[in-house]
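Below: one structure, written as structure tokens.
Each chain carries a letter (A, B, C and D) given by its place in the written order, and its residues are counted from 1.
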Amino acid sequence: MNLRVRFFASLREAVGRPEIDLELPDGAGHGDLLAALEARLGEPAMAALRAGNVRVARNQTLTDQPFAPADGDEIAFLPPVTGG
Amino acid sequence: MNLRVRFFASLREAVGRPEIDLELPDGAGHGDLLAALEARLGEPAMAALRAGNVRVARNQTLTDQPFAPADGDEIAFLPPVTGG
Amino acid sequence: MSVPVDIRVETRDFDPGAELAAARRRLGGAAGAVATFIGLVRDRAAPGQPVATLHLEHYPGMTENSIRAIVDRALSRWPLLDVVVVHRVGDLAPSEQIVFVQVASAHRAAAFAACEFLMDFLKTDAVFWKREDSPDGRRWIESTGDDCRRAEAWGDGNA
Amino acid sequence: MSVPVDIRVETRDFDPGAELAAARRRLGGAAGAVATFIGLVRDRAAPGQPVATLHLEHYPGMTENSIRAIVDRALSRWPLLDVVVVHRVGDLAPSEQIVFVQVASAHRAAAFAACEFLMDFLKTDAVFWKREDSPDGRRWIESTGDDCRRAEAWGDGNA
């Protein structure tokens, strides 16, 4: 399955890019997604993504972790928001 | 002493004019003012001015009645206000 | 430091965009919040009761002073940076603008509170008289009980 | 009857006067109250801390949806007639306009309350990220405790 993973604001800066595309084997789970991300991004970036205040959106809707990724998913890592 | 007496909104309509000038003898009191008004305006108009919700301003400041009029005073009869 | 306060009672219409632009020219970089209220003439006073025209009357001088007294109370309660109050008088048709209040402050809580405070007391304490002229006749309006309760709720002891 | 709701996230500046004029064209004669809030970029985040530029980032699509969810909560609480929310993104200098909320209703209580509600939840729930770029460096901002308390005070269970 193919996924797009996006990083915003401070996480984009920590990762060093706004998004990456991942290819995971069919049937891959949440742990496989994180492992693939870690392989691509390295540990310092992964530490930022794992911070307690980081929320994850799946296809633009906030989601709890773990979740089962599906082909075509857009996964986004969001630091705490501040509007207005 | 010379006074100007002004009437606003519903009271202007009740009196039939926006203002009148009154000449009172020096030393005239509040009762003399009301008597002079009644002589000029007649009873139906005076009844409107005497209504419990009418406030009186003296020189553009709300005042309690009775008060002692002074030469040059501008006395205004104000129905209940409604702004905004 | 004196806060700019602009109070006007006019027959002509006002331009909220121009009022904001003027305030922004006066404001320094400390202002983070501008709260604004625009009152429009509604097309009915009560259900099923058409209103052709709203007629507003004021007492030149005393009316402006009554608004200034309300603004001064707001200034004593909140750290405001700029205040504009424009109130129209004369004959107004439905959907026309009737009153404008604009308050700037560093933060939004003060701007919102002061703007609402000013409107509440404009309704009850400012020297204006409003008459509805409809096909059914003319009727002078008094402040509603709701208006008085809103003003009293500020606990200012002046309502 | 569907209430007109206009939500926009844009880099370009907005014109509050034009937004009001557009809303007045949409509004019927039932509207008596328009409450508006304009957020400006303040020239300092904390005393003595200069801010050169505010950088705002969003998640296209999700951000608009997050604002729509806030507006829908306001629509379910108050009888609103028209809602506009414009939020800028990109680089903003001090004194620039950053956010605009405009709410029309029949009466002012609902317009004021809904306008403040929208601003409170835009601060805490809308998907934006704000970075202060000053001569001292860059700093991503988080919602203040005060912002979160204000949002929670609405008792909406969603803060």
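Quick note on the criterion: contacts are C-beta pairs under 8 Å (C-beta built on N, C-alpha and C of every residue); 3 or more make two chains touch, one makes a residue touch a chain.
All values reported here derive from a predicted model rather than from experimental measurement.
Path length between chain B and chain D in the chain contact graph, taken as the least number of steps between touching chains: 2.
Our note on geometry: chain A versus chain D, Cα centroid distance of 28 Å, whole angstroms. Taking each chain's centre as the average of its CA atoms, chain A and chain B sit 78 Å apart. Centre-to-centre separation between chain C and chain D, using Cα means, comes to 23 Å.
For chain B, residues that reach two or more other chains under the stated contact definition are 84. The set of chain D residues that touch two or more partner chains comprises 39, 108, 119. Shown are all chain pairs that touch, namely A-D, B-C, C-D. Across the interface of their complex, chain D is touched by residues 15-18, 20-21, 24, 27-44, 94-95, 106, 108-109, 111-112, 115-116, 119, 150 of chain C.
On the side of chain D, the complex with chain A involves touching residues 39, 57, 59, 61-62, 65, 87, 98-99, 119, 122-131, 140-143.
Contact residues of chain A toward chain D in the complex are 6, 8-10, 12, 57, 60-61, 76, 78-84.
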